[in-house]
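A, B, C and D are the chain letters, set down in written order, and residue numbers restart from 1 in every chain.
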Amino acid sequence: MAIRPPIPDAADPAAPAGGPSREALLALYRKLLTVRRAEERLGTLFSDGEVPGFIHLSIGQEAVSVGIMSALGDADTIASTHRGHGHAIAKGMPLEGFFSELLARDEGLCRGRGGSMHVADMSVGMLGANGIVGAGLSIALGSALAHKTLGRDACAVAFFGDGALAEGLVHECMNLAALWKLPLLFVCENNGWGEFLPTSKQLSFRLADLAATYGIAHRLVDGNDVVAVAAAAEAVVPGIRAGSGPAVLECMTTRVRGHFEGDAQKYRDPDEIEALAARDPLRISAERLAGMGSNDADLSLAAEEVEAAVETALTVARSGRAPDFAAALADVYTGAA
Amino acid sequence: MAIRPPIPDAADPAAPAGGPSREALLALYRKLLTVRRAEERLGTLFSDGEVPGFIHLSIGQEAVSVGIMSALGDADTIASTHRGHGHAIAKGMPLEGFFSELLARDEGLCRGRGGSMHVADMSVGMLGANGIVGAGLSIALGSALAHKTLGRDACAVAFFGDGALAEGLVHECMNLAALWKLPLLFVCENNGWGEFLPTSKQLSFRLADLAATYGIAHRLVDGNDVVAVAAAAEAVVPGIRAGSGPAVLECMTTRVRGHFEGDAQKYRDPDEIEALAARDPLRISAERLAGMGSNDADLSLAAEEVEAAVETALTVARSGRAPDFAAALADVYTGAA
Amino acid sequence: MTELRYIRAVNMALADAMEADPTVVLIGEDVSEAGGAFGASRGLRERFGEARVLDTPISEGAIAGMAVGAAMSGLRPVLEIMFMDFTTLVMDAMVNQAAKARFMFGGQASVPMVLRTPHGGGLGAGPQHSQCLEAWFAHVPGLKVVCPSDPASAYGLLRAAIDDPDPVVVIENKALYAMKADVEGTPPVLPIGKAVIRRAGTDATVVAYGAAVRTAIAAADTLAERGVSVEVLDLLSLQPWDEAAVLASLSRTHRLVIVHEAVEAFGIGAEIAARMAQIGFDELDGPIMRVGAPFMPVPFSKGLEDAYLPSAAGVVRAIEKTME
Amino acid sequence: MTELRYIRAVNMALADAMEADPTVVLIGEDVSEAGGAFGASRGLRERFGEARVLDTPISEGAIAGMAVGAAMSGLRPVLEIMFMDFTTLVMDAMVNQAAKARFMFGGQASVPMVLRTPHGGGLGAGPQHSQCLEAWFAHVPGLKVVCPSDPASAYGLLRAAIDDPDPVVVIENKALYAMKADVEGTPPVLPIGKAVIRRAGTDATVVAYGAAVRTAIAAADTLAERGVSVEVLDLLSLQPWDEAAVLASLSRTHRLVIVHEAVEAFGIGAEIAARMAQIGFDELDGPIMRVGAPFMPVPFSKGLEDAYLPSAAGVVRAIEKTME
């Protein structure tokens, strides 16, 4: 019943002016790789039955997490989605705490009570993944209000998917953020899908028009090019922190895996999935690095180091304790323990 | 903290092409007058303590109700707001049933259980006033779905105030109506206020832009000119019934009384209230009628007849029975009585 | 005899209701092309067309309100909310609109809609995808609430709910979707408000619903080995619930235990216990015991979740306690 | 001694909390320029500035979620929802976010926010502006719920709620806003979770909260004339509630009646009755009686509403019944 394709599927092709140095890009590449390897590892852990529950991987979307976070500091806060591993790791959640959580260990940053849909690390301003589509928007809105009221030089970021655009909360939060000029960056990860249905069948509008309605600046960004994402974030974050009001970055990206692990994506054209390889964020960055003179050795060194870090973290996580029921029960309220 | 005046306060001044005949306009005038007198009477009944609860009068806004309904038939359905007396009466709810309800009599169309905020008459497609801001939008959306699915040649109408534009439900309903091309007319009664605060301090956007975002046609209408409202409704309703999809009419209008009876409007400039007399829907229609050759006698005859009808209805209502508690308790579920 | 899975019974009930009444429509996220997140509506789009099986955007508030409006205008919508946790977003539509329409409009309107939603843990789905919130709905005059415990009741109660002229919340348990049972032909439509004795007994009554019925039966089996005869009553309907059946069983056994997966405090069991502490007071020979989830969110870790969910051992202890 | 009105006590508590802690902010529809729909925040914008007293658009879902996020980021927001009926729109923020944040993030975060909202009938406000929905919140691990019954407790509980590190729902009763009482200076901050004996007695215990405390006291007065000595316990906190105090009173009187304005079925009283039917079973000399609203929406008509609301006569009958 969709009327028209609501979201253009080509991202702004203009290359960002004055990109990062080779070292800086290599650092970003390493982060992309960290998210990728960590999630690939989770995928196998899940199919081996080592990780329970629902897990939503962000493979193919890592450049959004890594690019946005490159413009943020620890004082800046983010609220995430059900697909939040990349956000958490890129914001600085340590891999041990991350894997320990996914393996439901007491050493997990959420002590094994939250799991994949609730990874969080308050110490780096990661206010949590969220199992409720759209909810993170209002959490970030509140965090932005706190930044403003307390006079902090900080920005809050709300991550959300294109499917979440149908939730009324999006409208309420954009209106409020614009009305009060809150230091809030809206980051839409537009991967074209909401679960098993293309979002073209869910939305009658384009985010660009919605943002314009509230007078919020909107940029369309190639979400698979970490350089483009980082540049876009750097272009708006300082102004947001300084009080210029909210902005929207719409990052066109690609969901490579199923909606969650175990989803065989039968509803999707295999050719379409195969074609995604050309837009792989890792490949795009690697090509850029090659163009800047990096050689294969640089990349394989990075790969080895990341691999080792992931495996070490996993080993640590596996050796962790099971959470204690009485301790959990005593921690529903503050100071009850 | 409002950034810019979100809603233009001047309505489209263009006079509608080929207006109604004098007889037709006199009939509309009589309806305006009926709503006005009924509500004025309610105002005195309220201050005399004869009507309990919260009552929100639509004095100054009658032309929206009467104008829209002039384009509707009994098969068309409407969902209303907390300020719903005008909608109910204009849609055809009989005055006896109306006053009996407001006086909490068993003969009231809601048997004295709903009162002002829940006046309804299903037999004429009036699906109810509503105490929840925004809720009527989704009720009308569902009614439109039923019309479409059951192949009816009918339109559903959602009335809502400008304050309601901040509710997320507006966004969800507009997206859905546009996506599914539902036979739904959105009628915003823009009176510039949401309770005690100008909506310019509540909204960062204009409805025209929001509607355009979803690809829904939008018209700005002088909501105090019943001829303009009727013409706008007639211009869109047949197309909506025929399947062309939803439309928005934004009717610029004037809340003359307080938010509810008993509200002294101390927050409002007395000059502003006084100036509203110039935009009085009755005056505007009377002047039009005069221009078309109606004389004062026509108008006073109408006034007398309306007055008499209101008083008769009120007398009937006053003589009604008090509702029975056991009967009410037995009517929570169908057929339980 | 054929083998019927719980989720398939739901699917059959939807299909049979749509077949019987052309005004029945299905509404929800991914119910149409994908056939439902748990497969409840698989094949129905193909069979009844996309106009009657509607994939919606992620707009729970609007689709619930839409179901109310559609029900007031001649359709019988069956709304799926993917996880009961997300019913937090439809409370206004259900409570202020659906539940009250008939009463507050003086009987002019009824709202023949169904809200289907799965509750319950056991899947490691964590705090926002596992909650049992049925007590909220049972507290609201104008709503009915049912909770099937097996394939036959999943079929029979859903058919009854769709036929019902008033709004009904049908709560399925995710952990039961794979449950199989042998049935003879099409299971019968079940009356709303009637409990069923799943196992007769004389020493104590255990009242349960949904997945907890299995737990209760397991506890009864254990105690049978020790010579204690436990009656297990499956409520099936939570609002209205079968007060007469509970009282009758209590009057035979004089001991009462109530089990559910929802949080014990302020849960469904509280009302049953409270009612029996009034109208069944003279029949009670021991304290009324409840077995429900502890006062904490549903944890992610398997170990924690296992400890969180009510167990047969816990029910055994409760029965022993009231028989002391 | 000075005379203090209930609504003024709320206002004082807000002012004193804002004075004591610069991170306390007020958020809600018409709370700032208008001073609140019922006047709770009158004068506070003038005193503390518009940055701390925020008028919001009509966006309940967003402002509740905003309060959660703000509380996680260093503020102590006090959110006003104009009528408890509209809390249907904030259930996700309260239940899936505020209540669970501390637990599901492993104790990393706490959510020091307050949701203030008035419940209750008696104003002819009809089915969507009168509901008492506190049982929903009491069922949710992670939330606390309090319900003051007079000006002093309105002050003392609100101060405690704002000081509390976890989310607290403070339920006021619209019909009590005009209530006056004499107080000595500033009322004390009250501990959450503690009940108070409002009237000592020996023959029966009546547990009540909010506006029903007055009803219970009126019933006790009536029975005193007939030589029956009734103890009235004011719960004040509903989650956690003072189980020990109820049990202690029951252990003295051996008869228990619970009264509230909320619908009886699945209401707060159900949990209290259920708990006492377990841990207080041996103390009970008669059935546990509850007096609450009947199972219907709150009607508009004054006559119907009067019959709907729990009455002192109804409480008297319940006490007599359990003493039979």
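Observations
In the analysis below, contacts are C-beta pairs under 8 Å (C-beta built on N, C-alpha and C of every residue); 3 or more make two chains touch, one makes a residue touch a chain.
Here the structure is a predicted model, which means the values were calculated and not measured.
When the interfaces B-C and A-C are ranked by how many C-beta pairs touch across them, B-C comes first.
Averaging Cα atoms per chain gives one point for each, and the point farthest from that of chain B is the centre of A. Distance between chain centres (mean CA atoms), chain B to chain C: 40 Å. In whole angstrom, the spacing between the mean C-alpha positions of chain A and chain B is 45. Put simply, the C-alpha centre of chain C and that of chain D have 30 angstrom between them.
Chain A and chain C have CA centres that are 36 Å apart.
In chain B, the residues that touch at least two other chains are 1, 110, 112-114, 118, 130-132, 166-169, 172, 175, 179-180, 201-203, 328, 332. For chain C, the set of residues that touch two or more other chains comprises 56-57, 59, 61-62, 85-86, 88, 92, 96, 103-104, 126-128, 141-142, 295-297, 299-300.
Residues 29-30, 33-34, 37, 50, 55-62, 85-86, 88, 123-129, 294-297, 299-304, 307-308 of chain C touch chain A in their complex. Chain C makes touch with chain D in their complex at residues 85-86, 88-89, 91-92, 95-96, 99-100, 103-104, 126-128, 133, 135-136, 138-142, 239, 262-263, 265-271, 273-274, 276-279, 281-282, 284, 286-290, 295-297, 299-300.
For chain A in complex with chain C, the residues that touch the partner chain are 1, 52-54, 104, 110, 112-118, 130-134, 163-164, 166-168, 194-197, 201-203, 267, 322-323, 325, 328-329, 332. Chain A makes touch with chain D in their complex at residues 77, 79, 101, 108-114, 118, 120-123, 127-128, 130-132, 135, 137-147, 149-150, 156, 168-169, 172-173, 175-176, 179, 328, 331-335.
By the touch criterion given at the top, residues 23, 25, 51-52, 56-57, 59, 61-75, 77, 92-93, 96-97, 101-110, 141-142, 144, 165-166 of chain D touch chain A in their complex.
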